[in-house]
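This is the structure I have questions about; it appears just below.
Letters A, B, C and D name the chains as they come in the text, with residue numbers starting at 1 for each one.
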Amino acid sequence: MPDLLTQKQRAEQLPALTASGWAMVDGRDAIHKEYKFKTFVRAFGWMSSVAILSEKMDHHPEWSNVYNRVSVTLTTHSADGLTELDIKLATKMDVLYS
Amino acid sequence: MPDLLTQKQRAEQLPALTASGWAMVDGRDAIHKEYKFKTFVRAFGWMSSVAILSEKMDHHPEWSNVYNRVSVTLTTHSADGLTELDIKLATKMDVLYS
Amino acid sequence: MPDLLTQKQRAEQLPALTASGWAMVDGRDAIHKEYKFKTFVRAFGWMSSVAILSEKMDHHPEWSNVYNRVSVTLTTHSADGLTELDIKLATKMDVLYS
Amino acid sequence: MPDLLTQKQRAEQLPALTASGWAMVDGRDAIHKEYKFKTFVRAFGWMSSVAILSEKMDHHPEWSNVYNRVSVTLTTHSADGLTELDIKLATKMDVLYS
C-alpha cells in the first residue's frame, strides 16, 4: 500500500501541480483540476490515453466529462489521501495535455 | 433545435428507460443512470463506443467515471430539457451495455 | 455517393498531403501515410480521436497499429477511388497529429 | 524476457485458441485471428479495452481495422516467437469479445 505524502513531500511536489492548475479539494485529502479542450474529439482522445496509463499504474481517477471539459479528482482510496501515485498520475495527465 | 418531449411522448417513452434503471433528476428536466462493469477495462471500452455515438449524434452526455462505475446524466442543453435525442442516446447506451 | 476527385482537384489538393507524408498507393487509387508516436499510449489516444471523427463522417480508414506506429490507407470504397472524403479525413488526421 | 512456448505448452494451450478461430501464421511463430463486429462503434470499443490491457501487460498486438473487422497477429518480438504472453493476451481478447 502506498504511503500518504509527508509534509516535506507535499512542500516539494505540490507547488508544481498548483502552478499548472491543480488545487486541493475542500474537506478531502485530494487534488482537482479542470481541463478544457478545443473539441469533444480531443477531450476523449486525451481521456483514452489517460485511461491506458491509469490501468497500467493501477491507479484510477475520479473524472467527469461534459463536451470539451474534463474535471479530474485524484486521491488514493487505499491510503485515504494523497500519495506518490497521485503526483505521478497528475504529472502524466499534464504532459499528455500539453 | 430539437423540441422538448411532450407529456404524451414522456408517457410513452420514459417507462422503458425507467425499467432499465434510468430515473428523473431532482430539480432538472434530465435523466440519470448508474452503470456498473466488471472492470475499468470494460467500463472504458463502453465509454469509447458511447463517445463515438455521441459525437455522431452531436449530442453528448454529462458523465463521470470512478473505476468500474459510470454515472450518466442526459438532457438537451439547447432545449433546456429532455428531447428525443436523450431518449435515443439513452437507448443506445443500454444496447451497448447489454 | 461522393464523386471521384477530378484531375484538377488532385492537382490542387494532393500536394499539401504529399508534403506532410502522404503518398499514392501502388496499384490503387488510394493514399497512405505512416504515423509515428512517442508511445503506444499516445498512438492509441490519437486513434481514439480519429475513430470518433471517422464515424461522424461515415468514412473509415484502413489502418494498422504496431506499438507506437499507425499505418493508414484512405480511399472511398463506394466510389472505388479517392474523393473529397479522403482529403478531408487525411487533413483532420494531420491536424490531430500535430 | 519471456521464454518461447515449449512443445508441451503448445500442445496443451493452442487447441483452445484454435477452436475459437486463432490460426498459426505461415512462416512466422505467431498466431492470427479475424474478429468481426456488428458495427465500427463496437469494433472500436473492443479495441479500446484491448489497448488498455495490452499496455498493462506491456505486450502489444499487431492489428488492423477496416470498419467492423479487426485482424490481430500476436507474437513476442523479444523472444522471436510465441510465449505465454501471447496465449494470455489472445485469451483476454476472446473474453472481451464474447
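The rule is simple: a residue touches a chain if its C-beta (ideal position, glycine included) is under 8 Å from a C-beta of that chain, and two chains touch if they have at least 3 such contacts.
Note that the coordinates shown come from a computational prediction; the quantities given were computed from them, not determined experimentally.
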Checklist entry - Is the contact between copies chain A and chain C built from the same residues on both sides or from different ones, judged by whether over half of the numbers are shared? => result same
Item to check | Chain centre separation (chain A, chain B; CA means) in Å | outcome: 26
Checklist entry - So how far apart, in whole Å, are chain B and chain C when each is placed at the average of its C-alpha atoms? => result 32
Checklist outcome for this item: Each of the following residues of chain A touches two or more other chains, namely 40-41, 44, 47-48, 51-53, 55
Next on the checklist: Chain contact topology under the given definition, line, ring, star, complete or other?
Outcome noted: complete
Next on the checklist: Per the contact definition, I'd like the list of chain D residues that touch chain C in the complex.
Outcome noted: 40-41, 44, 47-48, 51, 54-55, 60-67
Next on the checklist: If we count contacts the way the header does, which residues on chain C are in touch with chain B in the complex?
Outcome noted: 48, 51-53, 55-56
Checklist entry - Which residues, counting only chain C, touch chain A once they are in their complex? => result 40-42, 44-49, 52-53, 96
